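For reference, the structure discussed in these notes is given below.
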Amino acid sequence: MVNPVLLIALPLLLAFVSIVFKAYKNNLLVFGTLLNAGLVLTLNKGQYIIGGFQPPFGINLVLDDFALTGILIINGLFLVITLMSLEKLEGFASVLLVALAGLNGLVLTGDLFNLFVFLEITAITAYILSSASKEYRYAFNYLVLGTLGSGLYLFGLIVLYAVFGTLNMADLSVKMAAVDASQLVLPSLLIFIGLAVEVKILPFNGWVKGVYSGTNSLVGPLFASVYAAGMLFVFGRIFAQVIPLGTYLRTSLVVLGALTLLAGEVAALSKTRIREILLYSSIGQSGLIAALFLSGLVFVAVMQLVNNALSKAILFTVAGQMADSTGTDEGEELQGAFLEHKIAGVGFTIAALSLIGLPLFYGFISKMNLLFGIFYSDNYWLPVVILLGTVIEGTYMVRLLVKLWTPGDEGIVSEKAFATERPLTIQSSKVMGIVVLSVVLLIGGLLPAVIQDNLTDSGSLLDEVTPAYLFDLKGGQ
Amino acid sequence: MNLVNFAYGLLLLLAAFVFQTTLTGINRKVVARLQRRRGPKFYQQFIDIFKALSKGSTTHGWVFDFGVIMALGGIMATAIFIPFGPLKAVPGMDNIFIIAYVLAVGMLGMAMSASGSGNPWASIGVSRALTNMLAYDIPFMMVVFGLIFAFDSSSLSGLAAIQREGGLLGWNVLRFPLGGIVAMISLQGMLGKKPFDSFIAPAEIASGPMVEYGGRHLGMLFLLHEYSTFIEVSLIVHLFFGGGATVLEFMVKYAVIYTFLNLVSNVLPRFKIDQAVTFFYKVPLAMAVVQTFLIIFLGMGVA
Amino acid sequence: MKRIFALVLVAVVGILLFSGIYSMEGFPRYGEAEVSERVSMSYIDKNVTRENQEVVFGVSENLETGSANIVTSIIVNYRSFDTLGEVTVLFVSALGVSLLFGSFEGRLRSRYKPNFILRTGSKVVFPLILVMGAYIFIHGHLSPGGGFPGGSMIASAILLMYLADEDFRVRIDDFKKTEGIAGAMYVLLGLVGLMISNYFLSNFLDTGTVGTLFSAGIIPVVYVLVGLKVGSELTGIITDFLKGEVE
Amino acid sequence: MTFDIVVILMFLGAFSAYLISKASLKAGAYATTVFSLGALAVLLMGRSEIGSEFSVLFMNFEVTVIGWYFSGVMVLVYAMTSFFNSFWMDKMMYPGSYNFLYLFSLAGTLGLFFASDLITLFIFWEVVVWSSTFIIPMGKSRRAAVVYYTISSIGSMATLYGIMLVYRISGTLVIQEAFVPLKEDPLTATVVFVIFVMAGLTKIGIFPFHIWLPLAHGSAPHTFSPVLSGGLVKMGAFIAYMSVAILPAYEAFEGSLKIMGIPLQLYFLMILGAISIVLGTLMAIKQEDAKKLIAYSSVANGGYILIGILMMDQLSFAGSMMHLFNHAIASAAAFLAIAVVAYRTGTTKISELGGMIHRMPLTYLTYLIAIISLAGIPPMGGFVSKWLIIQGLADRGLMFMALAAFFGSIGSFLYVFRPLAAVFLGQLKPEHEHLKSEPLMMKIPMVILMVLILYFGVLPKWLLGIIGEIQVAAGIEPVMMSGNTILAVNGVLNTLNVFMIFGFGFLISLIIFLLMQKSRRVGLMDTYTSAEFIYTPELYHYAGAFYAPFERLYQNHPSVEKFLGAIAWKFHELGTVVNALFFSHKPAVTVFWTSVILVMITLGGAGI
Amino acid sequence: MIQYAGIMLILIGIYGLLTQSNIIKIIVSLNIFELGLNVFIISVGFVREGIAPILTSVNNHNGLVFVDPLPQALVLTAIVIGLGTTALGLAFARSIYRQHGTLNLDEIGGPSNG
């Protein structure tokens, strides 16, 4: 029996070791990520207590379906992304190990204050990673907002502690459920804002643009898929399972999520730089997933989250690599970039199509299910927003794909001669990573049962919130 | 369909040719008198046609020939569908829409042949002819549509028979006066008479589509012209003037209408092509829509 | 204009915060916190894993946590995972700072030369501060203080040396190694706990009698490690900040 | 069992075509032909197995008559067009992918037509959309692909909403059962109908969703335009059919306001169809590019098809179903003819061509027959279908639709004649003097299509028989035939007789022609030139602004393209506003918004 | 009342963040914000007449009225975390100064809106 705390402790240990043996830190990182990815597969669900003190007095790790999915995604993607972009590590190996520990802790912990600590660990690693672009003003902006956000989170948390006298999630959720939700608007809102900064919900996400638009092929996918996934898992944990939202707050926050979706997609539409397009798309997706969590649709939110994380890992890797090797990620300058990199191009395309939610890819399955979910919660306006968002998203994604595949001006038959002359190189490690991720997306789309079953497997928390209406694509009805 | 039908059809074709060509000759005389001229002999038109047919000619390739053959063939086929008074070559084939569309084969053939000559003037003429057609046909079809709805029949002879049941007052031109006027105006356009003759008038660009023709080609086009006149005027006679219970009745009505149109034509100036379109869409089309509206929604004049 | 607007906005936020917080049912008025209804009561009574009991200073033995300082018992025992995280935060910040300034060489110099008193006095005070720091983290379970204050004091001694001596340079690598080793030891300590009692960071040592120096199980050990780690981390941060402009 | 094999085989065929293309491009292109012809053969042989059901992965299928009919049309168009693929292999950016996507989209359409539940339907719908989206930019326009995708996805997303709504209400996704509860609830039925039919409208290219059609059809690769126009557009008709026949709209809207017996909802759609006819015609008339011209004609013909389907009666519906087939093959043939020209000359601009008949007479003939059918002139197939539609309209007295139909019919003479005159007839340009004739592989599909167009114009019995079955399945009176005579309530049409009389007239005409004196052959430049001496054939060719006087009448027309473009631009601006409002390098901006949101939500909460 | 003071400090911090464009001042504002927060946290655990939660030879058993020890433990963590972010923020500030030659965010261009 493997204790999930190892997922946090081992990378941390390796991080400490890595500054002693500086020369081996990259090896330690690879070792650590591999170890973690391996460990994830051996875990058993359950509650794991730290220090031997029963919750709510001590801190515990909760490894239910939800958290298991979370760490599976986080560790798996972390491994793939790290292996893809080893050459971009520079000095960040130790930071990445800490980040890995932090993200795992974030998803696993069952204590709200402990969550705050991990939130800060993760956030600080993110600040450091975001300085990799040498655009320190954006990193600074992120730091200020992140700190403010976690401060507000702590504020809300302390108010809750003052009232309920506990910091344990399970304990608190029971106690909070007994109280009239309208009493709890303020602390809930403060906690929401605190997390919303990291989850990238409009208008708390002012930092995203500066930080994401300069990311390289390592940091970009890490932020957009792993960090985003981690933060969203936390968000889902808290707002779908811990803090009961009153009707009013739920509605307003769902509206905020929906607005984020629309605003993100619309802003992406107006952009031409690839990473900017992708970052706004990330914002939109975060809004969508947050809205789903807030609506209580945990299962479909997780599906969409998985889809988003997998797709964004590919998209940002390719976009970052484009920027790294050609010095620009302006779509116009990179016309026909996939001519010489067909495999990466196909991977990029699959990711983009999956993100839009087109069939044969996993995104379709998740989109279907989330729509069914929303309809069954008798919400008829949110699907309209989501579908509108999908149309916009499809538009700019297709626009981008078409540009990257088929160079040429309007009115002229597309030819190789029009392709970009910038020297785009994509290492074989990246190509392999992209292939792996796209195959996962394809398998998820064609045989949804494979991913679906892993998400629902004999679970605790997730199964309880998994609604009975869930569309079983195996049966078709 | 058997050989008898074909023979009958051939006969009808001959009759129509003789009748219409004679009428054209007479009309040339009438118009000449109107203009205080002596005018040609009434059989001058026959002479013209046969003379042209027998003369030598030049050709610009096989489309040029094929187009003419197709045009004349199409028009003749259409003429066979038209009941000559009570006489019909093939029963059950006088559906108005069939006639309207078969008519187009001839048009298309001629247009093709003209363009095939390689002479841009011809193409310009064709473009004008087609534009003109777009102008006059729609009000006309609209009125016809109303008629079909009113009587639930799209057979020419059927419609004519229904009118004759009501005597003189049963004539559609009286039942549906607006429609009648539209039909007459459209007919003027169909026949290429003034004021709608800019595509074919000798004074316009090199006689329009006909510019390259001579000899047998031109002769066949003359034939085509006679037949199409026959078809178009017959349509009106059948649709609005009760057709003909006897051949004579039909011929009289026909002659009167044709002459009347000719006279009208001779006192009017000529529209430019876009003026013609504007005119047709402003006045006759509006009238046709009103007429059809009255028929369909108010049942006015439907007995 | 902007400032007035900001003021108004902040005022509105303030009013809402105040009214929101104080209108909540069950939010304790200042000074009226009901400790008995909170989890803290068990920390005071040290009865999380055992039956309710009397805890008497200098008498009670083998409690679940032997720390006389209840706050310390929370930090290092009940919520020790937080502390590991806290150490990590500091660790990763120091790492970030050193990454940002990693390529710099030399040392920034103050516009003002350190005066004689500072130079001499610092040499006297330096060992005293170090000893004081060590005292504080070793006695964290008995008196106010602990690894963090103690570590900070050690770092402040180094800072004092920086101020006093323009050419003072620490060997940053040694500090890094100390930091890394101390951190690793902390985690290993936790893992040992995991092996021995199946709980990560569990208190596997004998807790002794409340109030004596060798009591409280792993607390002093952890605090020593934390103290060393924090001291070297802060030293590292100070050193990095004082690095010069030359790349 | 035949049909599941077809569907699966087509997907596998797509992959194998890709792999074969890696070995040899030509072989890959021929593989598309082989596979699509194979599918056609299987479809024809499997007619007896209509009604069979099967499942693949999580998708369920049932072969209905209408699905079979539609897929037959689709596969025919694909198969015929695929003969052309090999000629463009070396000119295409991604020939292998082209072959792959070509068959992949075909497989998608098959799945779509055979789908028995709504999700399967939607899956294949989207598969077709995205696979074709990636073929289009290989042609002349990247924007076309984006517009195509956007418009398509507006439709498909609306439909998806409809599917979800239906599922929410009825609890099933099986097409035959899902709509049943809607009959009792006209309001919801209206909502479902409107959003469901939207996908159909976007795909057929009904106003105001028509803007993608000329863009995409006009600038797609030459070998894909026939498929787009002849084939994929018909998917929309399928959806329209489903929303009217399966919903069933007439029953659900029994209580709503009716105009001439047509419920208001359907009448409104018919008006859109009518607008499409008029608009497609007007726009086609003024196009300078042959492919765009045919594309706009597809808009107009889409209007006919839609109106006919919405009528759900004996005549117009049958006409519409038949027109679907006729338009598919005729428009495919026309596009193929233009493709031949483009293959030899490299352009499709009308004014840059001329006199092609002297170099490629067969292509000319194909084009001629195709446009005769498109314009609805006997004795081609298009005539029969248009006749049926118009008879049906006359029966119901739908005067505005009829007005549009007449305008479309007559207008089509104008636009179809234009390429005929300016591309194939007229002066041959000196640079085209030495063009070769069309290759043999191109001749084959053209001849087949020509024969089909003519055959179904003269003997439509077989086709109308199938359509009758469709009508029976849809619960309406089937179109009646006696011998070769179509019996409508207000008229009869014997197509064979029409053909024979036409032949008779032609024979007489031919005899007259042959009896007379032989003509002397002269060159094209040897014409009446108003006493000018002209030596440059390029200048002696009337091609640009063919209907200038008429075009002038509506040159300042309001444009949906511009309107939708303005909307798109507004979205773009909105994005910039979002960007400027919320994203900055200064924390103060976000802190400000945070405070504002905090205030708003707490204030709102306090109020409740 | 110390609790009100805490909230006031939080508000002052927010005001500073809203109005200041100098990076150092922003960091200071942030610190004020955190300070206020910490004060608030401590105040939540205060019990009137309560003693510090340390057993000594004087206050030698657990039956006495202690103030809530947990917030104090939390504050300790929060302070250290605040220290970490401040250090990193200052490091960023120095980097920004090196890059742009100014600490005023208004003078540094933002992301382009192109």
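Each chain gets a letter, A, B, C, D and E, in the order it is written, and its residues are counted from 1.
The definition used in the following text is that a contact is a pair of C-beta atoms (placed from the backbone, for glycine too) under 8 Å apart; a residue touches a chain by one contact, two chains touch by 3 or more.
Only a predicted model underlies this, so the values are computations on that prediction, with no experimental measurement involved.
**Q** Figure out the least number of contact steps between subunit A and subunit E, where 1 means they touch directly.
**A** Contact-graph shortest path, subunit A to subunit E, evaluates to 1.
**Q** Farthest chain from subunit B, comparing Cα centres?
**A** C
**Q** Would you say A-C or D-E is joined by more C-beta pairs in contact?
**A** Looking at contacts between chains, A-C has the larger number.
**Q** State, to the nearest whole Å, the distance from the C-alpha centre of subunit D to the C-alpha centre of subunit E.
**A** About 67 Å separates the centre of subunit D from that of subunit E.
**Q** Centroid from C-alpha atoms only, then distance subunit A to subunit C, rounded to Å. What do you get?
**A** Between these chains, centre-to-centre, one finds 32 Å.
**Q** As a quick test, compute the distance in whole Å between the mean CA positions of subunit B and subunit D.
**A** 35
**Q** Roughly how far is subunit C from subunit D, centre to centre by C-alpha average, rounded to an integer in Å?
**A** 73
**Q** Going by the touch rule set out above, which residues of subunit E reach two or more other chains?
**A** Within subunit E, the residues that touch at least two other chains are 10, 14, 17-19, 26, 44, 70, 77, 81, 84-85, 88, 92, 95, 105, 108, 110-111.
**Q** What residues in subunit B touch two or more of the other chains?
**A** Within subunit B, no residue touches at least two other chains.
**Q** Specify, in ascending order, the residues of subunit D that touch 2 or more different other chains.
**A** Each of 576, 579, 583-587, 591-592, 595-596, 598, 602 in subunit D touches at least two other chains.
**Q** Each pair of chains that touch: what are they?
**A** Result for touching pairs of chains: A-C, A-D, A-E, B-D, C-D, C-E, D-E.
**Q** Name, in rising order, each residue of subunit D that touches subunit C in their complex.
**A** The touching residues are 592, 595-596, 598-599, 602-603, 606.
**Q** Within their complex, state which residues of subunit E touch subunit C.
**A** 1-4, 7-8, 10-11, 14-15, 18-19, 43-48, 50, 52-57, 59-63, 66-70, 72-73, 76-77, 80-81, 83-85, 87-88, 90-92, 94-95, 98
**Q** Which bits of subunit A are touching subunit E when the two form their complex?
**A** For subunit A paired with subunit E, touching residues are 113, 117, 120, 124, 127-128, 131, 134, 136-140, 143-144, 146-148, 151, 154-155, 158-159, 161-162, 167, 209-210, 213, 272.
**Q** Sort out for me which residues of subunit C touch subunit A in the complex.
**A** Contacts found on subunit C: 16-17, 20-21, 24-28, 33-34, 37-40, 42-43, 48-49, 64, 77-82, 84-86, 88-89, 91-93, 95-96, 99-100, 102, 176-177, 179-184, 186-188, 190-191, 193-194, 197-203.
**Q** For the complex, give me every residue of subunit A touching subunit C.
**A** Interface residues on the subunit A side: 3, 5-6, 9, 12-13, 15-20, 48-54, 56-59, 91-92, 94-95, 98, 101-102, 105, 109, 111, 113-114, 117-118, 120-121, 124-125, 127-128, 131, 159, 161-168, 179-180, 183-187.
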